[in-house]
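So that you can tell them apart, the chains are marked A, B, C and D in the order they are listed, and the count of residues begins at 1 in each.
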Amino acid sequence: MALDKTGIAKRIAQELQDGWYVNLGIGIPTLVANYIPEDIEVEFQSENGILGMGPFPFEGEEDADLINAGKQTITARPGAVFFDSATSFAMIRGQHVQLTVLGAMEVAQNGDIANWKIPGKMVKGMGGAMDLVASAENIIVAMMHTNKAGESKILKECSLPLTGVGCVKKVVTNLAVLEIKDGQFHLVERAPGVSVEEIIAATEGDLVVPDNVPEMNI
Amino acid sequence: MNKVVNNVEDACKGIESGMTLMLGGFGLCGIPENSIAQLVKMGVKDLTCISNNAGVDDFGLGLLLQGKQIKKMVSSYVGENDEFERQMLSGELEVDLIPQGSLAERCRAGGAGIPAFFTPAGYGTEVAEGKEVREFNGKPHILETALTADFAIVKAWKGDTEGNLVFKATARNFNPMMAMAGKITIAEVEELVPAGELDPNEIHTPGIFVQRIFKGETFEKRIEQRTVRQK
Amino acid sequence: MNKVVNNVEDACKGIESGMTLMLGGFGLCGIPENSIAQLVKMGVKDLTCISNNAGVDDFGLGLLLQGKQIKKMVSSYVGENDEFERQMLSGELEVDLIPQGSLAERCRAGGAGIPAFFTPAGYGTEVAEGKEVREFNGKPHILETALTADFAIVKAWKGDTEGNLVFKATARNFNPMMAMAGKITIAEVEELVPAGELDPNEIHTPGIFVQRIFKGETFEKRIEQRTVRQK
Amino acid sequence: MALDKTGIAKRIAQELQDGWYVNLGIGIPTLVANYIPEDIEVEFQSENGILGMGPFPFEGEEDADLINAGKQTITARPGAVFFDSATSFAMIRGQHVQLTVLGAMEVAQNGDIANWKIPGKMVKGMGGAMDLVASAENIIVAMMHTNKAGESKILKECSLPLTGVGCVKKVVTNLAVLEIKDGQFHLVERAPGVSVEEIIAATEGDLVVPDNVPEMNI
């Protein structure tokens, strides 16, 4: 069965490594923080100016001065630190953050990503996404394999305005884990109960399918 | 040297229609509420506002948008404001969308006398259109230029009479860089103390970057996305 | 996450002959004394040292110069060190003299992923030789590139187990930018406290920039120009 | 009689204006801090990272962590602030400092200044001087009119490696106050008891001398 958003977050959490600083985007990526493997320690950076982000506050303990990049009230862990936006993006652009997880509207087989604009329709802006994808060595895209109309978001070429070029190396969807190399998607894992055929049908981009595609272990 | 002005009216003196303003804050966090209310009162128009976000419909910069006081917004993310989207799609409002890190660095550059710098952010996207591209360490970068403003308006937690500022938690965000980049910088603070009361090791924005400081009358500090967990 | 190493030996592990090091400090103020002593002990040679100054003959980087461990110095001012001047004039030592503000900004750029920026400093002087010149706002600027190092070694007043650092007074100087620009950054501190003891608003260098931290055994903190007035 | 170093400092102190942030170089410029007019307030910036520099400490109260750019022990005034070197030069380069006073080996009539290097002989480095002269709107050079060999330091062209080009607008020496405009020195004031002829004799660069040259009022 295809994963739900929580399942996608759980699978991505398996990618975390001990000692990493991690930036989680808005939406599914935010959920990843709930599933950190117990034997490792990671720190979450939010680009509005905190390192060492903790869980949401208890009711009544919200602080308007303490939010994440999604504008949600948060808490700070012991050892946390606050800083300004220039320092925050110095961390990101200077590659001090080991992993960026973010959502996307489209990903192409050359690693291009589009997630900020639908011309004439949605003009919210790119926020920190362009800095994040242009800078990070290690980007995982978390998204649904297809859009609400059932069309593939895993494409030969992006049709929407790009957020970054050639930067995505791994995609985790509700159906599969895909890697991008040599200008193609490579099917690495499938969601529990999802067949290779279903994934092929939902994928518009060129997909390399090995003989044996293991099921995710969630 | 004393930078204290009596009130928000005196602080905002000299702000005129057609000017470029920088306004600190991220979402509604750390925005100069008192000064924004004064700008509404003053009725200045045709403003170019450099601010990471555009507020919500009935708070923050949204108030200036409602009054059609803004000609152009320079921001990274404006998704929380329906009136903004309406004015932008209808063409009433000019909008320059900039990657958040580039926006922060361009403000810092403006304050630091760095007229331009290279960054990888936005390469290959429409942000790079018309900008010089150059490779460093095998990776393409684009040339971004400094931003400055006629007035920068920032909000701090504590400030002293010399204009030294301390920010709280993530309400710091864009405020320090914008304070550097204003020809005249106005700081509204929650707490105003005599010079010497702030630890000189713990000041975030040195007073040299601030020309006017005042204690804000009220801070609503509205929360945009109240998110809690259960005990 | 815990960045604490037991001692200066563990902190300096992996530093090898031929490497590029950044060392914080201005004059003898805020220099990583313990680590410098360890570099002498290790006997690593052919170092490229990026540091605003070169110490004095018998302290600071002067100790590495005495042992001829330095191949190249990248500094802004080296006037307090006779052995330095001797080695430089005799051609034994390569020297790259850089305007102090450009040095600071180049280190910050290295840490911040900005590969190059324009500055007015040095235009029309020998510092500008071979560098691109471009006019901005009617004023010529030169293009300066980022600096990075295999190891950055900094000295802080207080630090916590996660590598967060607080500096004291003017001992801050180059330390924060160099901490950003090291592939591996070593911090020696006077006081090492558990995570959570430092106020998160008051940290100068976030721990993300620091890979190893230890409490220095002794800090002589020599004064270069003791200057007093009479009571 | 020609001024001594203290006299030069006193004359320069008259140029200070209320509310200015001022950077004083090593040597004569440092002395300027002792003669601030009583009716104005100025703040001293030292490029190693302090704004609000106070007088030297009393004996026994020196702090190795608190020095000025000349590496001298200093104190901090109430309202002082410490910052890193990048922020310090952001203040300087960004023209937030209203006045820079510094020494020189040579000044030329086009505003060029040389003060950091004697090839093959003195190689101390430029420190912050190149940033200061390239950035400041308002630079006063404090120096002796001639060198120890009696040769003029007020020149048609600098012979030493430059620190900055076309940046000096005012020079205060032991003999005179000079302004630089239109590629010439202009004699503005003479030191008490010093004749116009003495100044002309000590000046190698082109010097415009008005009919009436007032004496400095020190």
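Brief remarks follow.
Everything that follows uses one rule, which is that a contact is a pair of C-beta atoms (placed from the backbone, for glycine too) under 8 Å apart; a residue touches a chain by one contact, two chains touch by 3 or more.
Here the structure is a predicted model, which means the values were calculated and not measured.
Simply put, of B-D and C-D, more C-beta pairs touch at C-D. Between chain B and chain C the centroid-to-centroid distance comes to 33 Å (mean Cα coordinates, whole Å).
Between chain A and chain C, the centres computed from C-alpha atoms are 36 Å apart.
Between chain C and chain D the centroid-to-centroid distance comes to 28 Å (mean Cα coordinates, whole Å).
Annotation for chain C: residues 105, 108, 112-114, 119-120, 167-169, 200-201 touch two or more other chains. Counting only residues that touch two or more partner chains, chain D has 50, 76, 82-83, 86, 89, 92-93, 135.
Viewed as a network of touching protein chains, the structure does not reduce to a path, ring, star or complete graph.
Of all possible chain pairings, those that touch are A-B, A-C, B-C, B-D, C-D.
Only residues 26-30, 52, 75-80, 85, 88-89, 95, 97, 99-105, 107-108, 119-127, 157, 167-177, 204, 221-231 of chain B touch chain A when the two sit together in their complex. Residues of chain A touching chain C in their complex: 18-19, 21, 41-43, 45, 51-52, 76, 78-83, 86-87, 89-97, 135.
Those residues of chain B whose C-beta lies close enough to touch chain C in the complex are 105, 109, 112-120, 134, 136-137, 141, 145, 166-169, 200-202.
Across the complex, chain A meets chain B through its residues 46-50, 55-59, 61-74, 76, 82-86, 88-89, 92-93, 112, 120, 123-131, 134-135, 161-166. Interface residues of chain C facing chain A in the complex, by the touch rule stated above, are 1, 108, 110-114, 160-162, 164, 180, 194-196, 200-201, 203, 206-209.
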